[in-house]
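Look for subunit A in each of the two complexes below; its partner is subunit B in the first and subunit C in the second.
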Partner chain A sequence: MKERFAIGFDPFVLPFLVGMVFVLGYCLFGLFRILWQLPREDRRKFLLSLITPATALKNIWDIFCNCLLHVKLWKRNKMLGFMHSSIAFGWFMLILLGHLEVFIYCPERVHLFYYPIFFNYFVANNESTIGGAVLFFLMDFFLLLVLSGIALAMIKRVRSRLFGMRRTTRPSMLDRIGLYSLWAIFPLRLLAESFTAHISGGSFLTIPANWVFRQFLGNDLNLLPTWWAYSIALGIFMVVLPFTRYMHIPAEMMLIPMRNAGLRIRHPRKGFAKMQVLSCPGCGVCIDACPMSVQKVNIKDCTVYLNRQIRRGNEKRIEEISDKCLLCGKCEAVCQVGVEGPKMRVAQRSVRRYGLTPDFAAIDTAPLVQAAAAQVSKAAAGPKVLYFSGCMTRLTPSIGKAVTSLLGKAGVEFTWMDREEGLCCGRPLLTAGRIDAALALIRKNQEIILGSGASVLLVSCPICYKIFTERYSLPGVRVVNYADFFAELLEQGRLKLEKSDICYVYHDPCELGRGCGIYETPRKLIGQAAGIAEAEKNRAESICCGGSLGSLTLDFAHREVMTRKALDNLYGSRADAIATACPLCLSTFRRYSDRPVRDLAEVLDASTVSSFQP
Partner chain B sequence: MEKIAIIGGGIAGMEAARRLLQLGHEPVIVEKSDHLGGHVAGWYKLFPDMMSARELVEQLAAGLDGVTVYYRTRVANMNRLGSGYSVMLSNGVNLQCGAVLISTGFRLFDASRKEEYGYGVYDHVVTNSDLEAWLGGAPDYRIPDNPASVAFVHCVGSRDLKAGNPQCSKVCCMTAIKQAIEMKEKFPQADIWCFYMDLRLFGKKYEDFYIAAQRDHGIHFVRGRVSEVSEDIDGRVVLKAEDTLAGTPVKLSADLLVLMSGMLCNEDTQSLARMVRADVDSDGFMRSRDNIYRINESNRPGIFFAGACTGTKTVPETVGEARAAALDIHNYLSGND
Partner chain C sequence: MIDFGFGLSRSSSVKLDEVDLGLYHKLEALEPGVRVCMSCGSCTSTCTAGPWSGMSVRKLILNLQRGKDVEKMLSCCMLCGKCTMVCPRGINTRHLILSLCRIYGKKQ
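Up next is the complex of A and B:
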C-alpha cells in the first residue's frame, strides 16, 4: 500500500468537509439547546442514565436494532425493512470499514474527516495483501447492499403499494433535494471508485466496472470530476439534512437514550417533544394508520404532518391538527421511531388558556363518601368491591345492567359507586389538555374511593380505567378492569359459561387495547361464551370507532365516515355480531351497525348458565 | 285508460287513489304490509279534533272500490318505458303505468338507538307509537296498571345531530300533549311530565291544547333535555334532566316513560329513488322540484310524491298533498300541464 499524494489533500473534498462541519455543528448546537430546554430533573435523569451501565448498554443495543437494522420495520414489511436497513446498515459499515482502512494503512491520517470517505482516491494497490482484499471485498459488498436499498427506494417512490403503504407523505422541496442527493451519493461513489480501481485497487464490483469503463473511455479524465460529484452530493445532503426529514438520522440516536431514561413530554415544542418532532422520518406509516385518513380532507391531520407543521412553526395548523385528533393512539403504535402523536397533541392542548375554569375543589364529597362507605361496610367478608361505571355507561345502561347481573350471579357483593351520583373520572378533561381541572377531579374521586374503605375498584369503562391506573394514587385499592375481574370469577368457578351459537367479532377499544394493553382477556372470555372471529385489523392495529372523546373539533358527519370504515373492517370477519368492551365504542357502533353490537358484559351475561351457590 | 302505480298504501296513497279513481284513472296500490292505512291505522285518535284514526282510514278505504291493491308486495324494479314506467312487483306482476306516485311515508326512529333513554333496556319505557297502539286497545306489558307518574320525552331522534337527524319531526310536540292529556284522563291521579327543548305548536288549535293541558289537566312542562335514564330497585325509571328555565338539575322517578320518536325517511324510498334516478335530499327524504310550489313533483317526468316521503308531515298536510298529487297526475296524463 502506498499513498498517492504526500499532502493527503485534494480540493474536491471541500464540499464534503463543509457539509460535515455544518451538520455536526448544527446537531451539537441543537442537542445542547434541547438539553437546556429539559426541566432540571429530566436533564439530571437523562445525563445519569447515560452513565448507568444498564441503560447505556440498552441504548447501544436499541440504537443498533432500530437505527441501523430497523428491526421494527422488518416486522411491519420485509421490503420496507430491507430497504431501510440496507441503506442504514450498509452506509454505517462503509463508514466503519473506511475508518478501519485508514487506521490500518495510514494511521497518521486518522484525524482527517475526509480520509475514510475518499480513501480509494488517496491510496494505491490495496487489495494486493490478504487484509486489503478482504476489506475491499467488504467495501464493495456493502456498497452493493446500499445500492440495492437505493434502487428499492426509487421503486417505492413510484409504487409505494409494493411496500405495504397505500399513501405516503408528499415530500417538501428541501426533502426532495435531500432525497435526490441521497440517491446520487452511492451511484456516484460506485462510479468514482470504479474509475479509480486500476490505481487504488478494488473488488468484485469496482474492478469489473473499471475494466468495462476502460474499454471505451481509455483515459482517466473522468476520475477527478466523479470524485468531485460524489463529494458535492455528500455536501448537499449534509447541508440540507437539518432542514429535511433526514434529520431523523441523528435525532433518533438521541431520542432512544432519552426515552430509555424515562423522559416524558412536558412541553409541546421543547425538549423531549422537540426531539420526537426531529426524529420523525416522515415515512407516512401513520397516514394509513390514522382513522381520519378515510377522508381526504383529514389526511393532512396525521402525526407526520403535525411534526412537519411544528418544524415549520405554522401555529394555526398546529392548533387545528392538535384539536382534531381522536387520540386513538394508532399512529404511536405503528410509528417506527416512537413519536408519541397523542401525547404531543395533549401537550399542545394544555398550553391553551380558558376564560372559565370549573371549580371542582368546592365539591363536597362528604355525602358521597358516606353513601359509599355505608354500603361497602355492609358487605360480608372478602374483598370489598366498589364498582365505578363512569359517565359513558350512563348513556349505555345495558352495560351497567349486564355487569350488575353478572356480579349478582357470581355472588359478588359490591357497591355501585356512581349509580346515583358520581364524579367524572377526569379523563375527558385530561385529553382536552385541562390537566389542573382533571387533577382536581382526580383528588375528589380519590377521597371518595379511599374514604369508602373498598379494597377493589372494579371499572367497566376503559376510558376511566386508563386514568385510574395511570394518574390515580389509591394505596391499598386494587384497580381492576371488568374483563380481568370476570376472567378471575370464571377461573374460580363462580361463573359458568355455556357457548352460544352466535359468532362475535371483537373490536379492540383504543383505550383498552393500545391504551392499557389488554387484548387477550376479552377474547378469551368471548371465546368461552360464544364463537369468536377476528377482523383484518385487530389488536394494536384496531381501527378507532370514531366516537372518541379525544377529538375536540371533529363533527358527526366526519365521524360517521370513520365509524362506517371501522365497521367495514369488522364486517369483513363475517361474524353475526360485534362485541366490544367500551361504552363509547358500543354506542358509536350501535348508531350505524347493520348487526347487533354487544358489550363484553352483555355477551357473558347472556351465556352464563348457573348462578353461584356459596 | 292508463294505470297509475301508487307505491305505499298509507293515508296519502289511499286518498290519492280515491281522487284518481274519481278523475277517471286506474290507480293500483302497492302496499308492503297486509293492511292499508300505514302508521295511521295503528293510531288511536288524531289531533286537534280527537277524531278516531281508525274512522279516517275506514272513510278513505270506502272510496277505494274498484282500485286494485297488492298487499305484501314491494317494487322489485321500475324503469322508464316509452312515456311511462314499467313497474315490476315482487309478486311477479308487471304494471305499465303512465305515472307513478311515491307515497311511501316515513319510518319511526328506532328509540333503542338512543340507548341512554333505556328503550329495550328498562321495563317501563315505550314510544309514542307503542302508547298510541295501547290507547287503541292493544295490550302492552310495559305499561303499568295504575301509574302514579308518567314522563314524556320530546325530540327522541329528531333535531339530534348525534342521532344523525337534524330535522324536526313536527308532530311530536303536539302528539305528546295529546297523549299526555289522554293519559291524564285515564289516570287522573297521575303526575304527567313533559320534557321538551321548545314546543313547536304551529297548527290550528295546537296552542289551545297546550294551554288546556296546563290549565285543565295540570300537566307539568319542563324545558330541558333528559340526559340519562336509569332504573331503581322497584323497576321505576329515574330521569335526570336540567330544568333550563329554573336553571337547576331535576331528578324524577316515573312509572312510565314515553319517548317521542321522530320521523325518518323510509330506506325503501331511497332504493325506489335510485331505480328511477329521482333525487334524494340531504335529510334523506325525497327531493321535490321545490319546497314551495311543486312539492308533489320530482325531478323525473311522471314521478310524483305525496305525504311524508318528502319530509315530516301532519295528517291533514298529507291528505291535502295527496289530493294535489292526484290533480297533478291527472293534468300530467291529459297533457294540460
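Up next is the complex of A and C:
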C-alpha cells in the first residue's frame, strides 16, 4: 500500500465536497426544524426513544430492512425490490467498505470526508495480498450490484409495467436532474476506477476494463477527467437532492425512529406529517391502489400528489385533495414508507376555520338513558347486551332485523339502543375534521351507554365500531363487533348453521378490514353458512365501495364509477352473491349490483337451523 | 296580496325583493347542488338530528332562499350522511352543510 500523493488532496474532490457539505447542512437544519415543530411531549417521547435500547435496536433493524434492503418492496414485486435494494444496499456497502479501507490503510486520513469515496485515486493498493484482494473483489462486486440496479431503473423508466406498476408520477425538472446524475454516478465510478486500476489495483470488473482501455488509450491523461466527472455527478446529485424526490433517502431514516417512538400526526404540515411528506419518494404505488384513480379527473388527488403539493405549498390543491379522498386507507396499506395519507387529510381538514360550530348541548340524553336503563335492567342474569346499530343501518333496516333475529334465536337478551332515536357515533364529524364537535357527541353517547348499565356494547356498523374502540372511554363495557359476537355464539353452540348452496364473495369493508384489522372472522362465519369465494383484490387491498363518508366533495356520478369498479373486482370471483359487513357498503353496492348483496347478519340468519333452547 | 292593516293571523308572505339572499348566493357558488333541490323531504325524514333540533335540509334550503335564519338547525347536524344517501337529486348535502358552516357569519 502506498499513498500516491503526500498532500492527499486534488481539486477534483471539490464538487463532491461542496455537495456533501450542502446536503448535510440542509438535512441537519431541516431535522432541527421538524423537531422544533413537534409538540413538547412528542419531542420528549422521540428523544427518549432514541436512547431506549429496545427502540434504538428496533430503529436500526427497521432502517436496515426498509431503507437498505427494501423488504416491503420485495414482497410487492421482486424486480422492484431488487432494483431498489441493489442500489441502496450496494451504495451503502461501497461507502462502508471505503471507510473500512481508509481505517485499515491510512487511519491518519479518516477526518477527510472525501477519502473513502475517492480512495482508489489517492491510494495505490496491492491486490495480491489476501486483504487487498478481498477488498477489491467486494468493491467491484457491490459496484456491479449497483450498476445492475441502475440498469433496471433505466428499463423501468421506459416499461414500468414490467415492475407491476401501471401508472407512475411524472418527474419534475429537478427530479430529472437528480435522476440522471444518480444514473451517471456509478458508470462514472466504474470508468474512473478502471482507468486507475493499473496503478491502484482492481478486481474482476476494473482490471479487465483497464486492460481494454489500455489497448487503445495508452496514456494516463484520461485518468483525471473521469475522476472529475465522477465527483461532479456526485456533487450535482447532492446539491439537488433536497429539492427532489431523493429527499426521501435521509427523511425516511428519520421517519422510522419517529414512528417507532409512537408519534402521531398533530398538524398537517409540521413535525411528523412533514417528515412523512419528505419521505415519499413518489413511487406512485398509491396511484394504482387508490379507488379514485379509475377516473382521470381524480388521479391527481391520490396521496402522492398530496405530498407533492404540500412540498410545493399549493394551498388550493392541498385543500381540494384533502376534501376529495374517501379515507379508505388503501394508500396507507400499500405505502412502502408508511405515509398516512388519510390521517394527513383529516389533520388538514381539522385546521380549517368555520363560522359556525355544531352545538349539541341542547340534546337531552336523559330520556334515552332512562329508556335504555329500564330495559337493560329487565334482562336476566348474564351479560347485559346493548345493541347499537348506527345511523346508516336505518337505511338498510334488513341488517338490524337480521341481527335481532339472530340474537333472538341464540337466546341473547338485549336492548336496542337506537331503535327509535339515536345519536350519531361521531365518526363522520371526526373524519370531516370537526374534532371538538365529534368529542361532544362522543360524550353524549358515553352518557347513554354508561347510564344504561350495560356490560356489552354490540356494534354492527364498522364505521361506528372503529370510533367506539378508538375514541370512547367506556370502563366496564366490552365493545364487540357483531362478527366476533356471532362467532362466539357459534362456538358456544347457541347458534347452529347449515351450509346453503349459495356461493358468496366477501367484500372487506374499509373500516372493518384496514380500519379495525378484522379480516378472518367474517370469512369463517360465511364459510360455515354458505360457500365462499375470494375476489382478486381482497383483505388489505380490498377496493372501497365508493360510498365512503370520508369524502366531502365527491358526487354520485364519480362515486358510481368507483362502485362499478369495485363490483367488477367482486364479480371476477364468479360467486352468486356478494356478502359484506357494513351498512354503507351494502346500500352502495345494492344501488348498482346485478346480483344480490347481503350483509353478514343476513347470510347467517338465513342459514341458522336450530334455535337455542336453554 | 292586499294588506288591510289587520288580520286574524300574521302574514307569512315573503317579499323576495326585500330579503337578503347573500348567504344563499355564496353557498350556491360553493355547492351549486343547492339549486336542484326539489323539496321532496327525503332528507328530513331520515335526519338523525331532526328529532332534537328540527334539522331538515329541505327547510334549511328553503329558509336560505327566503333569507331566514338557519343557525339553530345547522348547529345540530351530525354530518351522519343519511340525507346525502337518500337525496333523489344526488345533492351532496354534507358538503352543502359544511360549506354553509364555513361561510356562516363571515363578512363579504
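In this text, the second predicted complex is superposed on the first by the 613 of 614 C-alpha atoms of A that agree within 3 Å, B and C clash if a C-alpha of one lies under 4 Å from a C-alpha of the other, contacts with A are read in each partner's own complex, and residues count from 1 in each chain.
Keep this in mind: a residue touches a chain if its C-beta (ideal position, glycine included) is under 8 Å from a C-beta of that chain, and two chains touch if they have at least 3 such contacts.
Everything numeric in this text was worked out from a predicted model, so none of it was measured.
A.B. asks: Subunit A superposed: clash or fit between subunit B and subunit C?
C.D. replies: clash
A.B. asks: Quick one: is A:Phe556 in contact with subunit B, with subunit C, with both, or with neither? Answer first, second, both or neither.
C.D. replies: A:Phe556 contacts both subunit B and subunit C.
A.B. asks: Looking at A:Ser587 after the superposition, I want to know if it touches subunit B, subunit C, both of them or none. Which is it: first, second, both, neither?
C.D. replies: In the superposed model, A:Ser587 contacts both subunit B and subunit C.
A.B. asks: One more residue to check, A:Leu395. First (subunit B), second (subunit C), both or neither?
C.D. replies: A:Leu395 sits against subunit B and subunit C alike.
A.B. asks: Looking at A:Leu356 after the superposition, I want to know if it touches subunit B, subunit C, both of them or none. Which is it: first, second, both, neither?
C.D. replies: After superposition on chain A, A:Leu356 lies in contact with subunit C alone.
A.B. asks: Once chain A of both complexes is superposed, is A:Ala432 in touch with subunit B (first), subunit C (second), both, or neither?
C.D. replies: So A:Ala432 only meets subunit C here.
A.B. asks: Looking at subunit A, which partner touches more of its residues: subunit C or subunit B?
C.D. replies: Comparing subunit B with subunit C, the partner touching more subunit A residues is C.
A.B. asks: Taking the superposition as given, does A:Arg419 touch the first partner, subunit B, the second, subunit C, both, or neither?
C.D. replies: A:Arg419 sits against subunit B, while subunit C stays out of touch.
A.B. asks: Superposing on chain A puts subunit B and subunit C in one frame; which of 80-88, 224-232 or 260-268 is the clashing stretch?
C.D. replies: Between subunit B and subunit C, the clashing stretch is 224-232.
A.B. asks: I'd like to check the shared interface: which positions of subunit A are touched by both subunit B and subunit C across the two complexes?
C.D. replies: Touching subunit B in the first complex and subunit C in the second, residues 394-395, 555-556, 587 of subunit A appear in both lists.
A.B. asks: Under the definition above, what is the set of subunit A residues touching subunit B in their complex?
C.D. replies: Residues 394-398, 400-401, 419, 555-556, 560, 587, 590-591 of subunit A touch subunit B in their complex.
A.B. asks: Flag every residue of subunit C that touches subunit A in the complex, lowest number first.
C.D. replies: It comes out as residues 33, 46, 48-49, 51-53, 71, 74-82, 85-86, 90, 92, 94-95, 98, 100-106.
A.B. asks: Which part of subunit B faces subunit A closely enough to touch in the complex?
C.D. replies: Per the touch definition, subunit B meets subunit A at residues 113, 115-116, 118, 121-122, 161-164, 227-231.
A.B. asks: Mind pulling up the subunit A residues that touch subunit C in the complex?
C.D. replies: So the residues of subunit A touching subunit C come out as 352-360, 362-363, 391-392, 394-395, 421-424, 426, 428-429, 432, 434, 441, 547, 549, 552-557, 587.
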